[in-house]
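Have a look at the structure below, then the notes.
Chain nomenclature is as follows: A, B, C, D, E, F and G, assigned in order of appearance, with residue numbering initiated at 1 for each chain independently.
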Amino acid sequence: MKRLLALGLLGINFLKDVVTSGWTTTLIILFRGRSLRPGFVRLAYGELPDTAANFLGALVTLTPGTTTVDIDLERREFLLHLLDMDHADATLDSIRRDFLRPIRILSGGAP
Amino acid sequence: MSGAHEHPAGPTWLWLAAIPLVLFLLLAWGLVRQPLPWQFDAAWIPSLSVSLAFRIDGLSALMLALVTGIGTWVFVYASGYLAHEPRRGRLFAVLLLFMLAMVGAVSADNVIVLFLFWELTSLTSFLLVGFQHRRSHARSAARQALLITMGGGLALLGGLTLLAQITGSWTLSGIVAAAPAHLADARLPYALLLVLLGAFTKSAQFPFHFWLPNAMSAPTPVSAYLHSATMVKLGIYLMARLDAAFNDLLLWEATLVATGTVTAVWAGVLALRERDLKRILARSTVSALGTLTLLVGLPNPGAGLAVVTFLFAHALYKAPLFMVAGNIDHATGTRIIDHLMGLRRAMPWTAAVAVLAGLSMAGLPLSFGFVAKDVMSAAKAEAEVLALVSYATVFVNAISVAVAGVAAVRVFWGPPETARGPVHEVSWRMLLPPLAIVLLGMEFDFVPTADPLLLAAARVIAPGLGAADLSASYGLDVLLSATGLTVLVGLAFFLSWDRLHQRLQAMHWLDRYGPAATYELLLRGLALLAARQTRLLQHGRLTGYLRLALAALLGMGAFAWMNSDTRLSLSWTWPPQAWAWLVAGVLIVAGAGAALRLRDRLAVLMASGLVGYGSAALFLFAGAPDLAFTQFAVETVLVVVAASVLPHYGTGQARAVPWHAGDLLLAAAAGLGTFLLLAHLDGLPPDTRLADWFGANSLPAAHGRNVVNVIIVDFRALDTLGEIAVVAFSLLAALPLLAGLKRGTPT
Amino acid sequence: MSPRSTLLAQSARPVYLLLLTAALWILLRGHNEPGGGFIGGLVAVAGSSLLAITLGTHSARRWQPLPPLSLAMLGVGLALASGLVGPVTGLPFLTHVWTDSGLSTVMLFDLGVFCAVWGALTGYVYALLEEG
Amino acid sequence: MIAIGWALCALAILLLLIAAAGILRLPDALARQHAATKAATLAVSLFALGLMLVAWGSGWGWAWIGRLALLVLILLLTLPLASHALARAGVAERQQGA
Amino acid sequence: MGTRPRLRRSVSLLGTAALVLCAALLLHAVLTRGTQSMALGNWPLPYAIQFAADGLSAALVLIAAGLGAAVLLVESVWREGGAAPGLHPLLHGLLAACCAVFLAADLFNLYVWFELMLIATLGLLVLGAQRRHAEAAFKYFALSMLGTLLMLAAVGLIYGATGQLNFAALRAVAEQPQLAAVLPVYVALLALALLLKAGAFPLFAWLPASYHTLPAPVLALAGGLLTKVAAYVLLRLLGDVFAATPGVLVEALGWLAVVTMVTGVLGAAYHWDVRRILAFHIVSQIGYLLLGIALATPAAAAGTAFFLFHNILVKANLFLIAGLMWRAAGHYDLRRIGGLYPARPLLALLFLLSAFSLVGVPPTSGFWGKFMLLREAFAEGRYVWGGVALAVGLLTLYSMSKIWLEGFWKPHPAEGAVLAAPPRAAYAGVILLSLLILLMGVFPEPIVHGVQSATAQFWSVR
Amino acid sequence: MSTLLALVISLAVAAGVLLLLSRDLFRLIVGLAVLGSAVNLIVFMAARPGSLIPPVIESGAQQLAAGAANPLPQALVLTAIVIGFALLCFALVLGAWLARATADDDPDALRETEPVATDPVKPPQEEA
Amino acid sequence: MSWLTGFVLAAGAAALMGFYRLLAGPTRTDRAVGLDILFSVAIVLALLAAWASGRTVYLDVAIGLALIGFVATLAWARLIQGGDRGDRP
């Protein structure tokens, strides 16, 4: 039941993020263009089975503005490419909040 | 050849002489029992009007008698001459084949059968001339003989074919019979010239005379048989046979008389330039052949008789003289007359033969006298030309007296050469044949056994010849008066042989500009031409090949376009989906263009992929979902393949496109051509009968709704079968290459 | 960056199975809708290529019923064999036969096409990807 | 319903154009990758949704809606793979260049 | 595959034997019951693809099959360039494609088989996996593709104009006046594609660039069949299907034939490698075939057909003989070999037969073919064409005598060189072909009659 | 309408010819591919494209609707596409093999089977 | 000119922009990115064809494209990552 709830939450969060970051990306393309500062960040995902980590990587990639470049299963962290480094922290936060937590629940771990 | 190395004996092949002998006896028996002509006809290739038609009349019988009679003795002689030759078996086999070919050639009536045997004699002659094939001279002489006689043979084929088409008959007898009705045919001169080309090359007429002396690198029995007595007479034989039909044609007469005269005189002059006994004899043979051609060309009936008489007599003295030369060569190891003196004591029998044959050769003018008289009386208007001819005959005849002197007197008399070791007479098998032939010749002179045959032969050439003419030709007074003059001149030539020789030898321009030199020039020219063409057409540069191929295709396509009734029809309707086509078209053109501009191979590949994607987009908006899907899928898989193959192409950068003006022109022409073709197609009303049938039957009969698929797997499944075979074979074909790439370093 | 992506590695097999299923689906319904042996075969090639690119040719080969060349030849053989049913019954070559249950030699033929395309093209892909 | 569908489709096309503009305007390959893969693919998905609505409204039936839904699913399934691979390629190329 | 060469060879030989048997049965059926036709898939014509065998195509199938048998016989003992597992399938594929071309009565199907021929030949070319093989294959590919693409385009355009692909249907449609005026351009394009495939001037560059890299048995099959297949199709299309093609185009073909004959022999005259010499003679002989087509009469078509039969056999045999020369003397370059006449008299005899057949000396097969063409050229008033054909015979003789003089008569340039003994089975294949050539030369009547009746309807529109 | 397509195809052909003659091994193959696509389109033009209706019989119908696209050229082009693709794969591999073996990408440098002629009468000897 | 035509032209414009990236690079990844958007355009075009013709068969083409299109991108990515051999043998 808890997992089902998590799944539903994940779906809603995903759609919300797709729309919001889609909108941000559109704005970025339209108005910031060349002045944009993209870059890489690392995101530790902690305790998570490999499959779930991969799933999370895919979800992150699906969301506009963020792309998973590498998943390091040893060090348990993602290497992400962000379109906009100016709001990197906010982006990472929303990933942790909207995706990482429900997936932890889904995979049976602690939130 | 002189027996320096003794080889194990092995069979002598003497028994082979029995074959021509039996044939000769059969002929003689037949001539006694059965009146001429004998005819034989059997179907061979009725669809081409080629039948095994043989017809033996007097002329053929005369030739047959020579071929088999002299053949018998040549085989005997060869068995002695080649006693130490290890590979004589092959030579005998070819010699026998030659004899049979001659028999066939002179008895054939169907022109194609004649041609068959004619070529067979050339072929066997080639093999015999090249018998000493380890020597490069023998090889080139053989090739020269082959190219000239077979080249002439090809002309002969053309000529005979034309003659047959003009007269409507494929037999010699039919052609001769029908020819008078077609003398005005415009094709006739060409036909005759082609036939004469064949005859002239075979009979070594000017300017093709030079192959015969070179052919002397054949063993002597071959020279005596092929290159003096029989094969070289084949051309004369054919001319003589056709003479009955074309005697009254000025072209025929002029060509034959002119060629014959020039050949006879010129060969006589050239004989004086030679020191090799065999080559001297060969030159004199050419001279005699020229005389024969001249005689055939003369229009009056008496000349016909002269032809057969001289032809016969020449064979009977020249073959023995060749054998004499062979004997001398065999005994002394040389044929150069400067080194040959006083052989009469060492080789008495050979000397005797030489004298008898030389007498015959020198005493020959019986025919000339006859001709001279006949010619003077028959032709009046063309006096000056014919006078020239008769002067020429005197000269030619004098030369043969001189040659007879050299062969029969000079080498045998005088002090013996001391530098050389002891010389021994040759074996009986090399003495008996020349002796027999020369005695036979004398027998015919005194006892006219051969007269009926000669007369019959002459009547083939000159049907108007009466019985009286024969006796007239033997008129003693004419004979003597003519002989007197020629013998005198000949004696002068003989005595001044060395001085004349040196004078002529010094004329080097004769070697540089003669027909023989021309032949060499042609061969070299052929090689040079071939080399030039190779550089032009086979330069090895693929781009050049492609350019030429494209230019040729475009040029020939344009030619076809100009020569057909084509019209252009351009429609500019613009349905809604045309906008989609525009998008697709822009992609296609942009992709193709970008592939030209880009340097990174990966980018080139991507750009060219756009052509495919564009096509697929086009298919989407043209009612072809299957095509669109396939095209997209193909492009995707192509990317996979190309992406994995691309690293092998070295650095990522392709060469820059050079933008040659010529290439641009080709491209523009190709584009324009494509446009015109498509515009042309657009003007034609579409015929959709096949499509309609497929659409109507796809579901009811073939149980499928997707008509394209039904066509692919059912209505036209064979195309698909072939296609998947191509797909599977493409992998099979690429396996060795893939293995090489996998190893990393293809060799 | 790790030399191999675990995301690709882990998703490759499921996606391959999806593609193969789609390929077979396309093959089977091709007679009535767009599709058929060619397109199905090409989709299967895409699937196998995916495996080969992400997991290496070894596993791609393992997930294919036969070695590429054999598969291609089998395909040609199947198509040929389906055409031989006709001659056996006295009809021309490539005459197709239907049973009442809807099965037909057409399917065999199309399967042959599918196998030929799948086999031949994967043969190229594998050989090129596994060099040196 | 049809009107909404139309509007969604128009929006999707607009998004597609913007995504395309993104690959022109954004500063480097990795950034452009975001536009090409995600923005564009989402635009396509949106277009499919719009068309779904149109089909629903027009009563074209489940043949349309089912297929379009399947399309969106497949797009969402394969998009991360392409995007991820492109990003890795970009990084690798950058490393090669360095 | 690849592990049991002996089994593979046996199966392969058995397969060819079966092909020969089928071809013989087919020819028998054609001769006794007339043209045989099969509508593939049992669909009505002209909707189905049709296979049609008249005397001409059935005979060609039999000849191809016989040639295949002889070549495989030789191949079974050849082992040049190692055992390649792809060899036999590719050879069979090539053979099958050729037979299919002879039988196909459908324009697009024809194209498919040409593609199969192309890929099989490419596979055979690269089998050796040396650099020269790959180079040869690439040149072959690049130039052949031009022809292939042009052929496909022409087929498409012809379909677009007529709505038909089946030969009989096209024959009927092409005579319609409104099409007779516009179709020739497309037909000419198709003819051009076939001219490239046939190796006509100036489209032959692929041939001498590639053929000589093939191992002898393969070369025999390729050199014997490939260009001739294209020539056959040209004869079939121009003489039978699109016989209404304007005379001026056909005449242009005749002049092209003349130039092809001459450039072919001149190319051969330059070379010293036996295979290269023979390869250029293919071009020259194609000229004769084109000449026969350009004469545009039934009799000339018969001559072309006869020449085609002859040329396939003789060319293949000469290539096999060249292979035997190589086996015996160690090289293909005439400047490096010699002494074959005393050492290998049988080989010499076999060479002479085929060489003189190529030259056209009676009574070999080559003579009758040339004679039929020459006769018809003169009958049609084409004296220059006929004259050049004769002259080219002389130049052919030049090349053949070069091989004979240098390879057979000249002593081997290496002192004390001992010539090897080529395998017996290889001789068997050559003797088989030689007997066929001899038979065709000595008893040509059935074949002449056969081709005359098979081509009696050719050019009937004109 | 067909004027547009004819124009597109013609331009593709022209570009293909230039690629073919560009003296680059890889571009040459690409040129053949481009020409192949153009030729496929030429064949497709035989159908006089214009209809958007695919040649698929709708459920309920027994035969193809009037006005549907001509299925035959589509089938022919489909066959031609696949054949052309198979040949293209072979060519790409062959070209790669040659590029590696010769360490050159100039098609005109493929001279091993046809060496440069030096002596006008006797061409250079070669290994075989 | 209908709305659908407008959509087609807009999709075409997007394709052209992608094409520009393909042409201009500068990196290989850029080119691959440029090509990738063409897939999206192709799918949109298939959907538009379905819409315009009212036939679902074009939807199947779109699905097929979505299924296999990304494999091409993966192949490009692998090629770029593997890099050129650079060195000639």
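Note that a residue touches a chain if its C-beta (ideal position, glycine included) is under 8 Å from a C-beta of that chain, and two chains touch if they have at least 3 such contacts.
Not measured: the values here are computed from a predicted model.
Trainee: Would you pick out the chains that touch chain A and also touch chain C?
Mentor: Of all the chains present, those in contact with both chain A and chain C are D.
Trainee: Please name the chain that ends up farthest from chain C once chain centres are defined by their CA atoms averaged.
Mentor: Following the centroid criterion, the farthest chain would be B.
Trainee: Would you say B-F or C-G is joined by more C-beta pairs in contact?
Mentor: Here the pair linked by more C-beta pairs in contact is B-F.
Trainee: Can you compute the centre-to-centre distance for chain A and chain F, using the mean CA position of each chain? Integer Å is fine.
Mentor: Averaging C-alpha atoms per chain gives centres 46 Å apart.
Trainee: In angstrom, rounded to a whole number, how far apart do the mean CA points of chain E and chain F lie?
Mentor: 26
Trainee: Could you grab the centroid distance between chain A and chain D? Build each centroid from C-alpha atoms only and quote it in angstrom.
Mentor: The mean C-alpha positions of chain A and chain D differ by 18 Å.
Trainee: Please compute the C-alpha centroid of chain A, do the same for chain B, then give the distance between them in whole Å.
Mentor: The mean C-alpha positions of chain A and chain B differ by 89 Å.
Trainee: For chain C, give me the residues that contact two or more of the other chains.
Mentor: Chain C, residues with two or more chain partners: 1, 5, 7-8, 11, 18, 32-35, 38-39, 42-43, 46, 49, 53, 69, 73, 93-94, 96, 117, 120-121, 124, 128.
Trainee: Which parts of chain A, given as residue numbers and ranges, touch two or more other chains?
Mentor: 57-58, 68-70
Trainee: Which positions in chain E touch two or more other chains at once?
Mentor: 40-41, 89, 108, 112, 115, 119, 122, 126, 131, 134, 138-139, 142, 153, 157, 160, 208-209, 270-271
Trainee: If you go through all the chains, which pairs of them touch?
Mentor: Pairwise, the chains that meet the contact rule are A-C, A-D, B-C, B-E, B-F, B-G, C-D, C-E, C-F, C-G, D-G, E-F, F-G.
Trainee: Residue numbers of chain G touching chain D in their complex, please.
Mentor: Answer in residue numbers: 3, 7, 10-11, 13-15, 17-18, 20-21, 27-30, 32-34, 36-37, 40-41, 43-44, 47, 50-51, 54, 56, 59-60, 62-63, 66-67, 69-70, 73-74, 76-78, 80-81, 83.
Trainee: Quick one: which bits of chain C touch chain F in the complex? Just the residue numbers, please.
Mentor: Residues 32-34, 38, 117, 120-121, 124, 128.
Trainee: If you look only at chain B, which of its residues touch chain F in the complex?
Mentor: 524, 527-528, 531-532, 534-535, 538-544, 546-547, 550, 570-575, 577-578, 581-582, 584-585, 588-589, 592-593, 595-596, 601, 604-605, 608, 611-612, 615, 618-619, 621-627, 630-631, 634, 637-638, 641-642, 645-646, 648-650, 654-655, 657-660, 663-664, 666-668, 670-672, 674-675, 677-679, 681-682, 686, 688, 690-691, 694-700, 705-708, 711-712, 716, 719-720, 723, 726-727, 729-730, 733-734, 737-738, 740-741, 745-747
Trainee: Under the stated contact criterion, what part of chain B meets chain E in this complex?
Mentor: Touch residues, chain B against chain E: 43-48, 87, 90, 112, 115-116, 119, 123, 126, 130, 133-134, 136, 139-140, 142-143, 146-147, 150-151, 154-155, 157-158, 161-162, 165, 190, 526-527, 529-531, 533-534, 537-538, 540, 542, 545-546, 548-550, 552-553, 556-557, 559-561, 563-567, 677, 680-681, 683-684, 686-690, 693-694, 697, 701, 714-719, 722-723, 725-726, 729-730, 732-737, 739-740, 746-747.
Trainee: Across the complex, what residues on chain D touch chain C?
Mentor: Going through chain D, the ones touching chain C are 77-78, 80-81, 84-85, 88, 91-92, 95.
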